[in-house]
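Once you've had a glance at the structure underneath, I'll fire off some questions.
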Amino acid sequence: MIIDSHAHVVIPPESYKFMAELVANRANPYAVPKLADDAVRAAAKVILDIMDEVGTDIQFLSPRPYMQMHSVKPAAVTALWTQHMNDLIYRTVQMFPKRFRAVAGLPQYRDESPVNCFKELEFRVKEQGFIGCLLNPDPTEGDAAPPPGLGDEFWYPLYEKLCELDVPALIHSAGSCSPRESYTLKFINEESISIISLMNSRVFEKFPNLKLIVPHGGGAIPYHMGRFRAWSVRKGGEFFDDKLKRLHFDTCTYDKDALELLFKVVGPDRVLFATENPGTGSAINPKTGRAYDDLKPDIEAMSFLSEQDRRNVFECNCTRLYTRFRKDE
Amino acid sequence: MIIDSHAHVVIPPESYKFMAELVANRANPYAVPKLADDAVRAAAKVILDIMDEVGTDIQFLSPRPYMQMHSVKPAAVTALWTQHMNDLIYRTVQMFPKRFRAVAGLPQYRDESPVNCFKELEFRVKEQGFIGCLLNPDPTEGDAAPPPGLGDEFWYPLYEKLCELDVPALIHSAGSCSPRESYTLKFINEESISIISLMNSRVFEKFPNLKLIVPHGGGAIPYHMGRFRAWSVRKGGEFFDDKLKRLHFDTCTYDKDALELLFKVVGPDRVLFATENPGTGSAINPKTGRAYDDLKPDIEAMSFLSEQDRRNVFECNCTRLYTRFRKDE
Amino acid sequence: MIIDSHAHVVIPPESYKFMAELVANRANPYAVPKLADDAVRAAAKVILDIMDEVGTDIQFLSPRPYMQMHSVKPAAVTALWTQHMNDLIYRTVQMFPKRFRAVAGLPQYRDESPVNCFKELEFRVKEQGFIGCLLNPDPTEGDAAPPPGLGDEFWYPLYEKLCELDVPALIHSAGSCSPRESYTLKFINEESISIISLMNSRVFEKFPNLKLIVPHGGGAIPYHMGRFRAWSVRKGGEFFDDKLKRLHFDTCTYDKDALELLFKVVGPDRVLFATENPGTGSAINPKTGRAYDDLKPDIEAMSFLSEQDRRNVFECNCTRLYTRFRKDE
Amino acid sequence: MIIDSHAHVVIPPESYKFMAELVANRANPYAVPKLADDAVRAAAKVILDIMDEVGTDIQFLSPRPYMQMHSVKPAAVTALWTQHMNDLIYRTVQMFPKRFRAVAGLPQYRDESPVNCFKELEFRVKEQGFIGCLLNPDPTEGDAAPPPGLGDEFWYPLYEKLCELDVPALIHSAGSCSPRESYTLKFINEESISIISLMNSRVFEKFPNLKLIVPHGGGAIPYHMGRFRAWSVRKGGEFFDDKLKRLHFDTCTYDKDALELLFKVVGPDRVLFATENPGTGSAINPKTGRAYDDLKPDIEAMSFLSEQDRRNVFECNCTRLYTRFRKDE
Amino acid sequence: MIIDSHAHVVIPPESYKFMAELVANRANPYAVPKLADDAVRAAAKVILDIMDEVGTDIQFLSPRPYMQMHSVKPAAVTALWTQHMNDLIYRTVQMFPKRFRAVAGLPQYRDESPVNCFKELEFRVKEQGFIGCLLNPDPTEGDAAPPPGLGDEFWYPLYEKLCELDVPALIHSAGSCSPRESYTLKFINEESISIISLMNSRVFEKFPNLKLIVPHGGGAIPYHMGRFRAWSVRKGGEFFDDKLKRLHFDTCTYDKDALELLFKVVGPDRVLFATENPGTGSAINPKTGRAYDDLKPDIEAMSFLSEQDRRNVFECNCTRLYTRFRKDE
Amino acid sequence: MIIDSHAHVVIPPESYKFMAELVANRANPYAVPKLADDAVRAAAKVILDIMDEVGTDIQFLSPRPYMQMHSVKPAAVTALWTQHMNDLIYRTVQMFPKRFRAVAGLPQYRDESPVNCFKELEFRVKEQGFIGCLLNPDPTEGDAAPPPGLGDEFWYPLYEKLCELDVPALIHSAGSCSPRESYTLKFINEESISIISLMNSRVFEKFPNLKLIVPHGGGAIPYHMGRFRAWSVRKGGEFFDDKLKRLHFDTCTYDKDALELLFKVVGPDRVLFATENPGTGSAINPKTGRAYDDLKPDIEAMSFLSEQDRRNVFECNCTRLYTRFRKDE
């Protein structure tokens, strides 16, 4: 079975209109649109066609990260939008229960504690069967001084809640207000910052069951192992490579060379298959004639991976981590 | 002829998507959508149907004010959006030249000088036949300390340009980021602030040909003439009622009693017919069975207005002010 | 009996000096002046002469709002000044118990919770027989981001205290540091903001006995009923006109046309007679030869008001609301 | 002749009221009071009586420093107040030309360049015969980051103007918004900061004719010569005591021991007689039975001063510095 | 016995390197250097040679104040540095127990409550025999709005802890980020501010056993007694001179005239011998041929001091105050 | 010949002391140390020994980046420090002209224009033979909103100067004040941000001769080519890989796998040999027994590189870029 563990919902026109209105009216006053079943189905159909074409059995759907508006004032804006997106995902999964699973967006807001997200998270997991969530390490989106790194106690209440609910979190930043750093690059930088903050922390000693996934091949870190290994040798304590194994990664790098480096550095048992298809990588690679995000053939062609390695990447790493996956079916 | 001098474009779904994306990607990177003719036509059709139903011959179309995003960082966001909206208006007017005229949005940005809008304004007026523009007295949208009042020299370069191009400006705020002040109320408050700032200034001595329209019945001022008359008596100089006649007003108040007060205070020769239909007033008044913004019957029923008064309100005040109206036909 | 429910104390020269010194020394160090009885009497005499001339029996005296210095740093400045003003009012009422009643100023400070005012409020009401208080919806006076609107839970502790003490609050802003918005216009805008914030809130469901008076004819709202009715129809729920009846208003508009609109919109049973005389309206209307704030003749001349309507406006609405009025005599 | 070179105007009640109103209305709108001759005369009389009692022939009058409101927003507040105070001083001097000379206040504003004061300064000196001015080294009054020290080029334009007009400046801070530092202590600290900033600068090389007076015995510096001598020895260059002689000082310390130290440190030819009487020192010293600011007897009793020393202190140092003193008589 | 109660540790090169690295790496990551015994000894030797030369028996060593980095972000920087300096002091005292005593630095941080210093303070006093500590009244070092004055309740928790541990605090500011105020002048100004804040407070009524020492001759206050006496007479209550006796002072003024004034004003029983040698005063006075900080001969030469006075200054005032001095020997 | 193009000076103890003092005294006042020849030689010897051991012929020395203090207020701090470091480098190169070349640090300051660096840069290049410089893309060091990205016109004046002087700039951030992002990780993130900002700009069309080197293997970009290729395909225009060839990279990644990816992605003709030895990578790799920064053996062992490739990496790419290299010998 091919599970694409990291994909985002396709947004229907009515929802874009709602988002535009939210920015304009700042939720004062506002009206939440009711999406027709047809609108939900049409959006899902776009994804299903792609899945069928590239051979994906199941996709995990979450809100489109760069559209989460975590920094747009006031907090009600992202709160309403997050609900709307999670509703859309829920209805999509209800409509196509064999093809999708739901991963929740969280209504994080600027530098506020993630405690404000508990109600939404619990509702989605307990009442609607969501199996994981996104986690934005910088909900200020570059518009202000960011909250502390993921290794800081600031995040402990959320980690406790994730453990309690037994759901993994996918570390994924949202938009970027900094004129010099596009949101797509900020994804990568935030992942690097998150990894190093966690590596320098006691988070996994405090929360041994915490499950965190760093997408996009782990930001810059697998490419800069030398730097962090040297630091780790100088400081003593657990070796950097060993500590890094507390984390999980995914394959969303859109490049075979990069993927090979990732498998070499963290091992095929820490990497989940993921494409964000349709998304950033949905453009045709002139060299291959396939889309950049059609990663399955690349992985299948890697001779240094064993059959079991590939099964792990395509399915087992994911199902081992997302324990609510099985229960919900 | 019935000219509705104050109305806003209906936004097609593709444009809502663009607006949502702009907020998410902060114009870094971005892609401007090309609207199909059908999309433009469909949006125009919504308005035309209403015009036919309520008996409007011509509408002046401008961007929907509360969606102008003048405060969203960085400046490229509102710049791109303003161009997109002005393009849409231009194409709509080109498609239905007998029914619409174009009033430009300006890419004002937070507390920056309006000089940054000259290029857009000149292009629209000189190259595309726009006949007026909107003017937002607080492009910070309540997110920061606002620029000086409209009576301040801060705005003189824009006034000079307006006089040079011989186009009126419709004073209209945009969104509101202040949690306690909705955008719809901010319209009113900004109009009051604009009027008093202009009344206490030497703007009309410096720019005797400047044409400014205060919509929505002039904010709170016609209802609070006593307060400002008393000040004016105490201070000496020109009497408040007389000085107020330098300004123009429109009928967008959605209430017959209020309209009567307006006509009484400023006189029917200073008021332009305007409805913003479809817009805020597009809800059925349970007392009349007509929409709140269907103001024509109310005005026609006002016995204290002469036939010429009505003609002035419905047409002549407007055509006298918008001198480019004739030229462009 | 003619009760002028909204008037402000006349400030003796010694108090102006104290205010000037407070601004200069920022209460570090400071010395509170002891006003001589003659100074108090002379100030009161100014008001009494006016009352006798226009035919007012009783005035409710509160601190002069625009001089409250709620935003001047540090908090001790307004705290000391408020005490001084309330002391002056108390002594004036003690001196002329048949002609005045006391309405307390509150030492609100910038964006701090109004809880800091409880001690002063309780002392004045319980120990000195004050019958109401002022409430400034923006004690930052435009110098910083304002606190949430009056519909927000931020204000609940104060509402609870007002209900417990059974005193009405007169919503009245103070000074204005914003260069574009004079304090006199800010009064109007703050009243509009307060009304809409309360209308969109659950304040009156939570505090059914809360008594709030919006002076100056209710800001801009009675003139813009069409706008808010349309919103209320679109949103459903209680109709705007009905919900507005939870509030009370006063006649301080200095204009007969405006007053007629007010009576028409909210009904004569929601309006209290008020003049702020001497104050903003104390200038001679060249059309009538009377001062703008000499409103009694205007109201008496309104033929559409019944005899009972007029009694309500001049006395009964006020005594019904200010329940401590009777008890104290 | 006894010249008291540093004294401040007594403020009439009407002016206190104006100051209070300015703070309340923030100069929007405002009305400048016209003081009656009697009000001016009454205020002057208070001073003249004291002068006669303590034996002062002539006083130099400037605005009361702590009331200058240099930090109160917006700039129009202090601009209007400064004009009003300078007008009062001018009229006082006109009324009693044998007893007073005029020293101008400057409308400095927060961290703005002192260039904004040129118009006022030139008018007072050239048109009205003022012979000097105050100079506030921190017009933010502790409410924000202060402008650079007096040794910085920020102040050069003002120094140039002072030289051009040939008038001395008395370095005197105004109010203090910092809760921990009263205005009266800030005077002292600002004088210390000013001296050291000037000592570490090239101001007197650039403006050899600049005349600056540090009142109140020179802040803390004469008491801390050891500290600054040691620095000066370590750094090389001109010795601290020598460089300090570029400055002038006055006797306003209210203490004989302190005055003796001052004379010893800077020499009697650098010190001007000054009392600020009536002012801070106008309280009876229980040890002497005289007011703390009655400094003449103390100086006369200092046996280590020669007759010429005393003449210098009481008259000649002052007339040598204030070159416009003679010309104007 | 000659006790120099106020001196600072000489910093070895390894510690300077650590400080430089801390500023560069902002404690993320960092490595604390282990000083070799030789490095500690070499640094101590510099001081011992001076002590022997000028005739000091015992010095009280604390961290060099201007290098405390209380404002450098984040708090970990000063925390690590303070530990390092206190460690160095501890080892120095252990090495030369007859010549030194330890006075702790506190890891104060910007405007945070001093409660964060309790752990360090208790450890040093209880476990390592430190006998006092420094207290910085402005740990923002001029980079931001300072915390309240020392008279404010903000500091009560620290005062309570000082009383509980029975250790005196030496009031000493650290660096200065304000371009116009060098750290060496800020010392003086902060001392003046501290004294006046304490004099206007109820601190000593609340903490009668609190022992605070104002070094450097008490800032500007002994030179400006007239000013504060006059205030105290006007306000009534305890006379300023009497209240000032709650504080203690030291001789670090580097000038004989200043020292004489200090002894005259506060009395020889409130002054502790102190030199900060080597430090600011370590430059040769060309007039005497001795270093400015070689104050012993000056004091010994003051004929107005009795033998007992001198003993008090050189030893007894200090041992009376530092009660832990005896116990530890 | 083996040229290590990216290495940093070893700092003598006297310079660490100077840096510590600069932070403490904020350059007010300050004293610049004169380093003895022996101190310079000893520091150089540390590097020479390493060079001899690993087989490097020539190193290019620049200031140690993380110690540049570009954000420490005021600007004089980094200005003095930069001069001191450049002086040290100059003297080192003068002493060992066959082994070192000088690369200048720039006194960039927070968000100020790099124009303030021209004087220093010109002096070093023209007068002292420096052959290149560092360029910090975020001199705020994370303490405030950063300046625009390197693609912005903000940097054009510097680019113009670099072209005029014909010197390459090495893009290298300095310290990091953000608690969540260590300086060592910020290096990587800033390089990624710089590359993408330059790729999205017209910098190389405007300055075709501009030579910019991105060290540390180009941040995260070579590992994330898929992401940026997909964007570039979608946007059209020059393909990402082709545009990337305008930049130069270096080998400082401390990891053979990463280096192989780098060579594969950008080609061996765009990569300069560089180690920063001694520095971050100076720790023993337990797997190889060699230091992480001993990269020469790794490169020599890469069989896919030709002999010419290796010569290019070790020497020719560098000498081609640093055109002043030859001239100066």
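For clarity, chains are labelled A, B, C, D, E and F in written order, and residue numbers in each chain start from 1.
Keep this in mind: a contact is a pair of C-beta atoms (placed from the backbone, for glycine too) under 8 Å apart; a residue touches a chain by one contact, two chains touch by 3 or more.
None of these values were measured; they are calculated from a predicted model.
Bringing subunit C onto subunit D by least-squares fit of CA atoms involves turning it by 180°, to the nearest 5. Where subunit B touches subunit C, the two copies mostly use the same residue numbers: shared numbers make up over half of all numbers in play.
Here the spacing of subunit A and subunit F, counted between their Cα centres, is 34 Å. Separation between the centroids of subunit D and subunit F, computed from CA atoms only, is 54 Å.
Within subunit C, the positions touching two or more other chains are listed as 28-29, 179, 182, 184, 200, 231, 234.
With chains as nodes and touching pairs as edges, the resulting graph is of another kind, matching none of line, ring, star or complete. Pairs of chains that satisfy the touch definition comprise A-B, A-C, A-E, A-F, B-C, B-D, B-F, C-D, C-E, D-E, D-F, E-F. By the touch criterion stated above, subunit A contacts subunit B in their complex at residues 11, 13-14, 16-17, 19-21, 23-26, 28-29, 64, 66-67, 69, 72-74, 143, 175-177, 179, 182-184. Within the complex, the subunit C residues that touch subunit B are 145-149, 152, 178-182, 184-185, 188-189, 192-193, 196-197, 200, 216-217, 219-220, 222-227, 229-231, 233-234, 239, 253-255, 257-258, 261, 264-265, 280-286, 292-293. Residues 200, 231, 234-235 of subunit B touch subunit D in their complex.
Remark: subunit F residues 28-29, 31 touch subunit D in the complex.
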